[in-house]
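Written out below as structure tokens is the structure these notes cover.
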Amino acid sequence: MNARLIRFAGLSLLLLALPAMAKEPPKKAEPIAQEGIQVPKPPFTEGIFPCTGCHDGKSMKVNTTRRALVDMHGDIELKHGPESRWCLDCHDANSRDNLHLASGEKVDFTASYKLCGQCHGDKFRDWREGIHGKRTGSWNGQKQYLLCVNCHNPHSPRFAALKPMPPPARPEAIQTRTGGAR
Amino acid sequence: MTDSKLTSLPEPSTEASGGCGLGRREFLGVGVAAVATALTGCGTLSKEEFLQHNFQELSKEEVLSVIARLEKEYKAKYGKDVKVGTTPAMPGVIFGYALDLSRCIGCRRCVHACVKENNQSRNPEVQWIRVLQLDKEEGVNLQHAEQYYNPAEVPEEGHFYMPIQCQQCKKPPCVKVCPVGATWREKDGIVVVDYNWCIGCRYCMAACPYGARHFNWGEPNLPPDQVNTDTHYLGNRPRPKGVVEKCTFCVQRTRKGLYPACVEICPTGSRKFGNLLDKTSEIRYVLENKRVFKLKEELNTQPNFFYFYGV
Amino acid sequence: MFNFRNFKQFIIDTIGLMLTGSRIYYAWVGFLLLLIVIGTGAYIGQLNDGLIVTKMRDQVSWGFYIGNFTFLVGVAAAAIMLVIPAYIYDWEPIKEITILGEMLAISALIMCLGFVMVDIGRPDRFWHIMPLVGRLNWPQSMLAWDVIVLNLYLVLNYFVVTYLLFCAYTERHYVKKIVTPLVLLSIPMAVSIHTVTAYLYNGLGARPFWNSAILAPRFLASAFCSGPAILLILLQVLQKTTKLKIKDEAIFKIAELMAYTMGFNLFLTAAESFKELYSGTEHVVYFQYLLFGLKGHNTLVPYAWASIIFGFVAFILFLVPKFRTNWKLLNLGCVLIYASVYIEKGMGLIIPGLTPDALGEIYVYTPSFTEIAVAAGIFAIGFLVFTLMLKAAVPMMLGEFTMSRGRKKATEPEVEPS
């Protein structure tokens, strides 16, 4: 549908504008273009972005050897796809503040869904339509999107288990209140 | 506040004029109200409340006075300005809901967000959403359902989860059986209850195949600091004792264009909502592209609530 | 001719008759009043706290009250069915007792309406269900139908009883042209009240246990067992305590008719059980819960089997002429069939209909003290109404008390037959 195309165009426009407002909380992001679909910033660990803060290409040489990381990022456990996959398959070795697609095309962190969409095409399509993932806002107007990485840790993408909220009271436990208001 | 109220009156019904209602009222008289007050053992039943007619039959003026009376009552009870809206159905809209069984993890965030949004009684507890834990081996077999699971973390191995709430049927058996017409299906497909007209016979509860209707067995208890003051007459306004209530797709939100509270809260994005008449809506995308089923389809209740497998 | 002054006198004398009696009479009425007081107390508690004082919950949203209601609709329907042989075959021995049947129907209906009233969450809104004044969802709702037919049936029986007694009181023969059509009308009405009550459950696709085409026939068949059983006992009591003479022939004839309906009732029960248990569809769980227990919950099991066994034994007792003409065995059979149907059409109908609930949950329902006390109060009201009616009606029916003779007698010391 045309409306979907327009919406998608709006989304792309917005994503281009995102880095500028990366520090604002997601819900306050300004509506952009006609459809105004908004994507919040990716959930970076505090103080880690931009990556070029460390990976500036000068103090540290790029090491393209596949290896277990020991000095830094030891907390990252990669549980995403084949064993052979590693950091630089997605992170761009030469431009650390970017990711890259299989084609080598660089992608902003704010457009990481393109990277995810390379393999997860069906999810990507559903996400664009608002079916995969969460949408909030207005069913007949502005909607807020979340990026894939807002719900799935890209290094370990399985949706994290949650503590359930309390179960309902059993019928036997529903009793006349003693005391209290009315 | 008053503005939205005034612009959102239900269309005046064609034949049930105020005059007719008044005639009936005079017939009943104040004396009966007094007797009824004594009967119910609650001293708060006013003459106006006792004589109030079915919401569908009220004239514009009568609706205004009913709303004013309710708002005054709620103010006295909760010490807050509770707004009671009467926003009618949007033209060209029939609400549909779809729930992704392959995504739901049974965390019950929806259950509790619903309670908060819709002013359910906290004690005795009333909840409009029931989340069933089912066996993957058994599939959707309700005889293997468990509602009281409480592990440290969900989802649990070997299980999937199925939240059930009002299915907003196109052919709602609850509406058919209500002896007094206290529950009906609105133009946007939402089945509502007039809490001031329901006699509490619970026939609708026996008729509902989804266990979606809930009764106020005792006096509802809603702590004043937890009252959601943005309410709808047919939706989440505080209810009295002895009447039936149910999910209304958050009529107070959805008729303003917002998503229902359960959709907003769901951390997995399993809940999809929209206008069934809009070909570009999310809900239509689900119906056209996913494997969809209706719960107890064989009963021909024709729910506007669908379950689907997103994967 | 009808005369207002006579009617006023009739009312006054009726009340007079009700107020005077032997010690046993006073004790019985006093006992019933005590039960009514207890029931009223419990009901006031229920009004204050809500239906939460019952054990009903969302899972099992109807219970003891509606179970008793259903059973009593059967009693009300069956009481009048004795009219069929009396009028269709013009069989005199039973004709005498049709008025008793009608009075039983009135009492049963009052109890029915009482059970509905205590079951609703907002009795202050009773007027919503009144035709014309409220907003009756007729013809869609079976409950709306039930309200109409039960009240019509009540009015009809009340009118016939009053008219017959007034005629006896004024020592005139009743006008056949008035009574016969009304009595004949009450036959289809009796069938209709029980059929409509069956349809009330029958029409719910959500509840497979009730959603069976033979539910209404089963209701009627079981009602024709339990209703006459009450009458048979009652007739013997009246024979002993009053000058009312009822031919043994009449009683045995009723017993014979009951044997057929009991057999038919057992057959229908068997047919339903076979269909559910043999086909073993997903609907079988309700029968399993009733007959064998489900997932370790077997509260109903002993009752269900007691009902079946009682029904079968009573059938044998009524079927064999040697047994049914033996008063002891006849009365035993009456008690057994009454108990059997009370279980089957009360809790045995309502509870498995709702358990497991629509979402497969099993909530084991047993009535609370409040429910039992309120129910006892309502039964006491029914018995009281029946007692008072009998107290006034029997002397009038026997011609012992009439307008002319009754006045004279009023100054004399009371002579109580018992």
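When the chains are written out, they are named A, B and C in that same order, and each has its own residue count from 1.
Operating definition for what follows: a residue touches a chain if its C-beta (ideal position, glycine included) is under 8 Å from a C-beta of that chain, and two chains touch if they have at least 3 such contacts.
This structure is a prediction, so every number in the text was calculated from the model and none was measured.
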item	value
Chain occupying the most central position, where position means C-alpha average	B
Of all other chains, the one whose Cα centre sits farthest from chain B	C
A-C compared against B-C, more contacting pairs	B-C
Chain B and chain C: spacing of chain centres that average the CA atoms, whole Å	38
Separation of mean Cα positions, chain C and chain A [Å, integer]	69
Residues of chain A whose C-beta touches two or more other chains	174-176
Residues of chain C touching at least two other chains	49-50, 52, 57-59
Of all residues in chain B, the ones touching two or more other chains	124, 130, 147, 217-219
Chain B to chain C touching residues, read off their complex	24, 27-28, 32, 36-37, 39-42, 45, 50, 53-54, 57, 124, 130, 132, 141-145, 147, 164, 173, 176-182, 197-203, 205-211, 213-219, 240-244, 296, 299-301
Touch list for chain A against partner chain C, complex	171-172, 174-176
Of chain B, residues touching chain A in the complex	93, 100, 105-109, 111-112, 123-125, 127, 130, 147-155, 217-219, 221, 254, 257-259, 263-264, 266-269, 272-275, 278-282, 285-286, 289-290, 310
Touch list for chain C against partner chain A, complex	49-50, 52-53, 57-60, 363
For the chain A and chain B complex, residues of the former touching the latter	1, 3-4, 126, 129-141, 146, 151, 159, 161-170, 174-177, 180-182
